[in-house]
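Each of the next two complexes has chain A plus one more chain, namely chain B in the first and chain C in the second.
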Partner chain A sequence: MSKLSEIFIDISDMEKMAGRSSLVHRLDPRCKLLVTLLFTITVVSFNRYDLMALIPCFTYPLFLLIAAEIPFTYLMKKLVLASIFALMLGIVNPFFDRETMLYLGSVPISGGWVSFISIMLRFALTASAALLLLTTTGMYNISRGLEKLGVPQVFVMQLFFLSRYLFLLTDEASRLVRARAARSFGQRGLGLNSLSHLLSTLFMRSFDRAENIYIAMRCRGFNGRMRSVTKFRWGGAETIFTVSWIVFFIFFRFNGLSYVISLYHQLNIY
Partner chain B sequence: MHMADALISPGVSGLMWAASAGALGYSVRKINQFMDDSKIPLMGVMGAFIFAAQMINFTIPGTGSSGHICGSLLLAVILGPYAALLVIASVLVVQALIFADGGLLALGCNIFNIGVIPCLLAYPLIYRTIVCRHITGIRLWSGSVITAIISLQLGAFAVVLETLFSGISELPFTGFVLLMQPIHLAIGLVEGLLTASVLILIKNARPEILTEYKDNVTKQRFPIKGFIITIILTALIIGGIGSWFASARPDGLEWSIAGVTDNELSVPAEPLHQTAAKLQQASSILPGYGFKTTAEANNETRSGWGEVNSGSTVSGLVGIALTLLLAAGLGIILKQRFKQRRTVTAKGR
Partner chain C sequence: MSHHIIEADNLSYHYPDKTDALDGINFSITHGESVALIGENGAGKSTLLMHLNGSLLASSGEMRIGHIPVTKRTLAHIRQSVGMVFQDSDDQLFMATVFDDVAFGPLNMGLAEAEVKRRAEAALATVGLLKLKDRRPYHLSGGEKRRIAIATVLAMEPNVLAMDEPSSGLDPKARRMLIKLLKSFKHTRIIASHDLDMIAEVCERTLVIFAGKVVADDTTEKIFADHELLKRCSLEPPLSMQSCPVCSMLNKKG
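On to the complex of A and B.
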């Protein structure tokens, strides 16, 4: 199976997940956007040697995963696929930072390894937050949420059209790629020349399609603005979700968990 | 290459977001001024086209590896720089959400590296100077190749700088530059050749596409001077606010800026600094406290940082267990309640 048809299936899976109905799915997209952004800022603002402080942050993705019933293996698969860049740049840290930082039992661990693990944890946290935002909200609702948050309508429409026609053109491209694979022999016929012909074909088809879409839209009364019947409501659930996560993030950010634990220790001692 | 959230500091991300958002805002204004409704579906479909086109690989002769088109320059030629920037930005948003490429904070960097540099800097300055109004084969080839190489070199260098100033990765500047620039020279060459050959095929089949869409959006030049001044101003403002925050909670921010300029942040902002110091003291007198605040890790020599005693190990493990329990518990309770409510309403009907 070609890469393109896999992507096609993948995007359809995500859209299916976004169409489910759970507590998290039903929240106003604005509050999910806001909380995801704050979460990412919280994670990124930690020092690179701060491993332990990152761990409590897993509460947020884990909560979404369970409450929204997103399959764990699915998320892990996507994370592994996406981790290459962070892995490539992170793996050099142990070579450049060899100073011993802490001992695990009697094994010395260098600062480089600590910051490498920290990079991977950061990656897992931020990437899973982004993926969970999409699988619990869906592209359509994210665009509408962005519009409500003040993003210009041209850009919102762009996002909306892109996510609509993604399926169609990925499907079309995967057919072109299959045909090219059938025509080629080994590595022959998969080169630059055949790709430029393929791309210009795809381009001209897309161009004509855009014209047809525009004509069809004009027939239905399109005048440059999009209208929607879905109304978002910021209610009690949204306020509770947002406020409680903000409180949690502040708590995590200032090492609240370890503070509580050590307080408990101290009480035990006295 | 996409910048990733895992390698970025809040300061760098804020600055790059400000720069990209400024450029996007300017483009939106231009589009609203000069473009009619008919281009809206075209932009959307072109975004989907670039998304699909990036997934089609070709084999690089002689090496056995494969590459794909990036498409920023192609879009800029066909839609004009402003619409192209918007399309690229939307593609990057979708990729960040669907494939977790980059991330939400790194998106500012990515829009700048992959969108703003080719569309608003390289295209008007280089491509249009070379190709002008006479669209000939030689001009198309040379214009595309030179523009693509320069914009990818700039983009790669921007990735290096962003990584360096974030200070999360340990890569030394020279090593990283020597790694990135030659690779992106090759990628730029291929990108230019591919863009040119697609443009020539389009020119042969549908010449009106290149002439019609070229000039209607791009009547005015992009004010590069103003743009650069704005970036510098935002850098100063964010730097100022950032340093203020950094002295309140001394971590990644201070750390990264301190890595670049030696002692910029040693000035204490009195009340904030004192409360921060108090907070740190409060959290570090306690015994069995395994994770000291990061400021201490920085101020002390690092060897003293995590000397493991049984207390800290235990508290670490307890912390992890608590986190997991907390997350799972919250999720399960809410899910149950939601299910109950759902069944109740179903029965009610």
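On to the complex of A and C.
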């Protein structure tokens, strides 16, 4: 199977999971979007050497994982795949920042390694939160939630159509690649030259398709606004979800962890 | 109901690069008629269809739906009465679920929510696919997609259905279901297709388009019997009207 069709299956897997109906799935997309955003801001706002403070943040993705019954290995596979980008960004740190920061037993650890681990942790946190948002909400509801939160409709529609037609685009691309492979006898086509033609064909086709879709939309009375029958409902569950996570984030952002630890020590002393 | 009459009056269209696509088309179709548009590739069938709901506007001459000329100002009205089913269903199904797709047109018409729901469900029931309403359109089979695409148009309760190659790419069973569906409609139907066997079953009248002109306009039976005309327009009589090659071979031997 080609790489492209693997991605294709991957995305449709995610969409299928978004169709489940756990407690988290049923929440209004807006509250999940808000909490994910605040979570991301919290995670990236920590000092880059502050490893310990990041630990409590894992509560949020773990909570979603368990409450939404998403398989742990499924999420891990996606994370490992995406981690290459974070790895490339972070790996230079140990080379530049060689000053010893702490000792693990008798092994000196440099500031570079600490910040590298910090980057990887933050990546794991934010990427898993984003993936979990996707698998519990689905692209369509995310875009509608964004719209309801005041994001301009032009952006929302771009996002929505991207997710809708990505399937067809990968499908068309894999057909082109297969047709090229069938005529290139084990060699990589004619290298870059044929690749550029392939991409321009793909571009022209997408362009045509976009035009056809637009005509089809106009034929059914589209005038620049997407409407939908399904309504979002912000109830008690949404308020509790949002407020308790906000409290949680604020508490642990402003030294909540050290407070908890000192409280624990005090309790032990008395 | 003569107010749903469709008239093309000396309709011409040329592309921005000045090549002529349609050249002085005249016809008149009354309510409830089922009319086929046939012709070789590039003859102008699809271009003509696009004029029915103003996706393209005439360069000269006029298209009238129920005596209302198709112009920029009348588009909103025209598009409610002429439903267009496109050749590639993926172009027509762009929403996240089947139901949302079928509700798209009625919602844009500004109908109340209950009415939108009623129409969408009725349209899906008509094409026999109400059970798929919560599915995602891109996971469906070609035949299902085509029927959903028809439902998206039916939900707007149009008087006229214009279809571009409705049977292309369907397996025999899906094609058979489509033919049954098309025959059951009471709308005025205008169908552009190369599937002449389908047309023989669904349409009682046929317009032959050649080089942007209507070269014949008669009952389907008469058109398909005129082999000379068909040949001139790069067409062939439908298989069901050709003599069976196996039988004729047997006859020769016998």
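Here is the rule we use: the second predicted complex is superposed on the first by the 262 of 270 C-alpha atoms of A that agree within 3 Å, B and C clash if a C-alpha of one lies under 4 Å from a C-alpha of the other, contacts with A are read in each partner's own complex, and residues count from 1 in each chain.
Throughout what follows, a residue touches a chain if its C-beta (ideal position, glycine included) is under 8 Å from a C-beta of that chain, and two chains touch if they have at least 3 such contacts.
Predicted, not measured: the structure shown is a model, and the values here were computed from it.
So, A:Arg209: does it touch chain B (first), chain C (second), both, or neither?
both
For A:Leu192, select first, second, both or neither according to whether it touches chain B, chain C, the two together, or no partner.
Touch status of A:Leu192: first partner only.
Please work out whether A:Val80 is in contact with chain B alone, chain C alone, both, or neither, and reply first, second, both or neither.
So A:Val80 meets neither chain B nor chain C here.
Could you say whether A:Gly221 touches chain B, chain C, both of them, or neither, answering first, second, both or neither?
So A:Gly221 only meets chain C here.
Which partner, chain B or chain C, touches the larger number of chain A residues?
Comparing chain B with chain C, the partner touching more chain A residues is B.
Given the touch rule stated above, what does A:Tyr140 touch, chain B (first), chain C (second), both, or neither?
In the superposition, A:Tyr140 touches chain C alone.
With the two structures laid over each other on chain A, which partner does A:Thr230 touch: chain B (first), chain C (second), both, or neither?
Only chain C is touched by A:Thr230; chain B is not.
Where does A:Phe161 make contact in the superposed view: on chain B (first), on chain C (second), on both, or on neither?
Touch status of A:Phe161: both partners.
Using the superposition on A, tell me which residues of chain A are in contact with chain B and, in the other complex, with chain C.
139, 160-161, 164-165, 168, 209, 213, 217, 222-223
How about chain A: which of its residues touch chain C in the complex?
Of all residues in chain A, those touching chain C are 12, 15, 138-140, 160-161, 164-165, 167-168, 209, 212-213, 215-223, 227-230.
Within their complex, state which residues of chain B touch chain A.
Interface residues on the chain B side: 1-2, 4-10, 13, 24-25, 28, 31-32, 37-38, 40-49, 51-53, 55-59, 61, 64, 66, 69, 86-87, 89-91, 93-94, 96-101, 103-105, 163, 167-172, 190, 193-194, 197-198, 201-202, 205-206, 209, 249, 251-253, 255, 279, 282-283, 286-291, 293-294, 297-298, 302-303, 305-308, 311, 315-316, 318-320, 322-324, 326-328, 330-332, 334-335, 338.
Which stretch or stretches of chain C touch chain A in the complex?
Chain C reaches chain A through residues 50, 53, 55, 76, 79-80, 83-84, 86, 88, 90-92, 94-97, 99-100, 103-105, 107-109, 113, 116-117, 120, 136, 138-139, 152-153, 156.
Along chain A, where are the residues that touch chain B in the complex?
The contact residues of chain A facing chain B are 3-4, 7, 10-11, 14, 22-23, 36-37, 40-41, 43-50, 52-53, 55-56, 58-60, 62-67, 69, 78-79, 81-82, 85-86, 89-90, 92-93, 95-97, 99-105, 111-112, 115, 118-120, 122-123, 126-131, 133-134, 139, 142, 152, 154-155, 157-166, 168-170, 172-173, 176-177, 187, 190-200, 202-204, 206-207, 209-211, 213-214, 217, 222-224, 253-255, 257-259, 261-263, 265-266, 269.
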